[in-house]
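Across the two complexes that follow, chain A remains constant while its partner is chain B and subsequently chain C.
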Partner chain A sequence: MRSLASLLFVGGLGFLLLVIGGTLPLGQPPMLVGQDIQQAAADQVGTANFVTAVVLAFRGLDTLGELAILFAAATAGGLVLGNTGSRARPAAGFILRSGCDLLFPLLLVVGLYIVMHGHLTPGGGFQGGVILAAAFFLPLLARPQESLDHRWMSLIEGLSGAAFIGLGILALYQGQAFLTPLFDRGVVGELVSGGSLPLLYLAVGLKVGAELASLLSRLAHDDEVTS
Partner chain B sequence: MNESIGVVMFVGAIGLALIGIAGMVLAGNLFRMVLALAIAEAGANLLLLLAGYRWDAVAPILTASTVGQPMVDPVPQAMVLTAIVIGVGVQALALSLVIRIKQRYGTLEMAVARRCMQHELDAAAGVEPSRSREQPAGKRPLAAPLAAGADGGGHD
Partner chain C sequence: MIWIAVVLVVLTLGAALAVLLLNNLLAATAAASVVSLGVALMCVMLRAPDVAMTEAVVGAGLSGLILALTLRRLGLVGLGIGQRGEKS
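Up next is the complex of A and B:
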């Protein structure tokens, strides 16, 4: 009976979504704000990647809220799992250990590259931060007896979050709106351009990386107790 | 041709979201519910991306070869970018809760875990075990708020 009602609900929802989707012709977006942003972004913000212009310059406040959600999720995850500490476990095999040693610097370089080029190419703080988290999680797979230092992780996380808000408040201090891009915009397409946006994305990348790395290490360490 | 591609894309995105929602509602296993949540998120993200798609347009990145060309809408892409990261955080939180439930009750079946949890709650509150969801613990009808101190006696 309950599953029948659930199926009816899902079917009705699907019908509703299909009807709404059927009225939207694919390929002709009804929103006009995107075109305005494309015309204004290069001059006003100075980034080549317009997605970055939307995320950090036009809707920077939303990104701050999103970072707050991620912070809340990571904090709640840490609260639920607690600090179980590391326990004696056999080390991984030779292949995994050597592979980790080889991959760690490469992942670090790729992650930082993606973070620093977020205003020029596809990528940015969120994507690069996830790669950084993967780089710091790999050694935990190879050497399970070592554990991540959560104090350092929360220090990096807190400092980068404070840097993001501090850059926003600096704009307020200069008489502009919160999180307005500061500094010289430079030449569109060069590495040092876009004013304060690369700094904001660096803060986002470090914050996301530290949060996800500590969350993953907690999950990995807790997983041993159950199985 | 373009029409049929549009139909396929919309049906695919909506279908993914529906599969995820159906899985969340119908599955009895907690881990499968988390996986269904991930599938539903993927469908919703695809739907958002489709809303900003344009034919004959390039990615919204300014290079020497894309100056002056029409570009796809960057706003839904920015929304999806943040939605994916939020999704990862929410899934990690859900997984950590699932790990705790598995440690506490030794099962991932939601019905069993809920029954165990209900017994513990009843025992902690010091009331008769509730027989079913229609007949929860305690007397019904509940006492009026003013008289609650007189005959309420411990339970909520």
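Up next is the complex of A and C:
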């Protein structure tokens, strides 16, 4: 009953917001910064995907903040969950194992594609990193007795995080602002273009993937009674 | 186009209702993933593929996975609201 009451409340709130939103002009943004970015991004940053230009070039510091928050969350999760030894769990069935073998290379390719083409097509380091984490988590579901090597995971995570900050400091060293895109911009739309943005996205993808894979494997490897 | 949107909205709202009303926790987790999937498809229709990809990957995939794994770790898989696992 209480959930229904709260649902009613949320519905009323949504109706109120809809009434307020109905009076606003849709499709005519009051801010003009979006148009300016669309005109300037291709020339200044050299990415075909404007979202990447905003996320990594104009607002690189925010991305660093996101990475820091994710790192803190994953570290706290690892602390709470602990590094429990993998208890002997019955092996998964035939369908799960075959499906995992089928899906693992596919997910790996899709994740790497999304990370590498973050400056050209929709997607980027975060999305591709999560897909990579899912790809490396799948074998743990199919073969529960195996486990990820957490030392390698933290090594990849730390090195890619350090590479992200190092690229930012390199820009400082060259006399520009922190995390300014470096290197030659190249031709817009080619795989090797956009200066240092693909490298930044690669670092983000590896970091997110390693963090989340480590977190998921810690969650999955429990020493509790399971059904 | 408008009918696709109507179907999506109905599906998403129905799944959101199911999250509240379902008694089985695992089923509620699956329904929450369906809500994220509907929102992702609506973002595709609004031509925001970046947001849609994030929503599909994080909302439908990762958060559902984390919720389900948490349920397994707590020993609550297959149990309903108010029931307790056999372990203390």
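Here, the second predicted complex is superposed on the first by the 198 of 227 C-alpha atoms of A that agree within 3 Å, B and C clash if a C-alpha of one lies under 4 Å from a C-alpha of the other, contacts with A are read in each partner's own complex, and residues count from 1 in each chain.
Simple rule for what comes next: contacts are C-beta pairs under 8 Å (C-beta built on N, C-alpha and C of every residue); 3 or more make two chains touch, one makes a residue touch a chain.
Note that the structure is predicted; figures quoted are calculated from it, not measured.
Peer 1: With the two complexes superposed on chain A, say which partner A:V208 touches: chain B (first), chain C (second), both, or neither.
Peer 2: First partner only.
Peer 1: For A:L18, decide between first (touching chain B), second (touching chain C), both and neither.
Peer 2: So A:L18 only meets chain B here.
Peer 1: So, A:I69: does it touch chain B (first), chain C (second), both, or neither?
Peer 2: After superposition on chain A, A:I69 lies in contact with chain B alone.
Peer 1: Mind working out whether A:P122 is in touch with chain B, chain C, both or neither, as first, second, both or neither?
Peer 2: both
Peer 1: Once chain A of both complexes is superposed, is A:L7 in touch with chain B (first), chain C (second), both, or neither?
Peer 2: both
Peer 1: Among the partners chain B and chain C, which is in contact with a greater number of residues of chain A?
Peer 2: B
Peer 1: State whether A:A53 touches chain B only (first), chain C only (second), both chains, or neither.
Peer 2: A:A53 sits against chain B, while chain C stays out of touch.
Peer 1: Looking at A:L219, would you say it contacts chain B, chain C, both, or neither? Reply first, second, both or neither.
Peer 2: both
Peer 1: Contact-wise, after the overlay, does A:I131 reach chain B, chain C, both or neither (first, second, both, neither)?
Peer 2: A:I131 sits against chain C, while chain B stays out of touch.
Peer 1: If you lay the two complexes on top of each other, which residues of chain A touch chain B in one and chain C in the other?
Peer 2: Residues common to the chain A contacts of chain C and of chain B are 3, 7, 49, 51, 122, 124, 126-127, 130, 212, 215-216, 219, 222, 225-226, listed in rising order.
Peer 1: Within their complex, state which residues of chain A touch chain C.
Peer 2: Touch list, chain A to chain C: 3-4, 7, 49, 51, 114, 122-124, 126-127, 130-131, 133-134, 137, 212, 215-216, 219-220, 222, 224-227.
Peer 1: Under the definition above, what is the set of chain B residues touching chain A in their complex?
Peer 2: Within the complex, chain B touches chain A at residues 2, 5-6, 9-11, 14-15, 17-18, 21-22, 25-26, 47, 50-55, 59-63, 71-75, 77-78, 81-82, 84-86, 88-90, 92-93, 95-97, 99-100, 102-103.
Peer 1: Which part of chain A faces chain B closely enough to touch in the complex?
Peer 2: Contact set of chain A toward chain B: 3, 6-7, 9-10, 13-14, 17-18, 21-22, 24-29, 31, 33-35, 37-38, 41-42, 48-51, 53-55, 59, 62-63, 66, 69-70, 73-74, 76-77, 80-81, 120-122, 124, 126-127, 130, 188-189, 208, 211-212, 215-216, 218-219, 222-223, 225-226.
Peer 1: Looking at the complex, which residues from chain C come into contact with chain A?
Peer 2: 17, 20-21, 49-50, 52-54, 57-58, 61-62, 65-66, 69-70, 72-75, 77-78, 85-87
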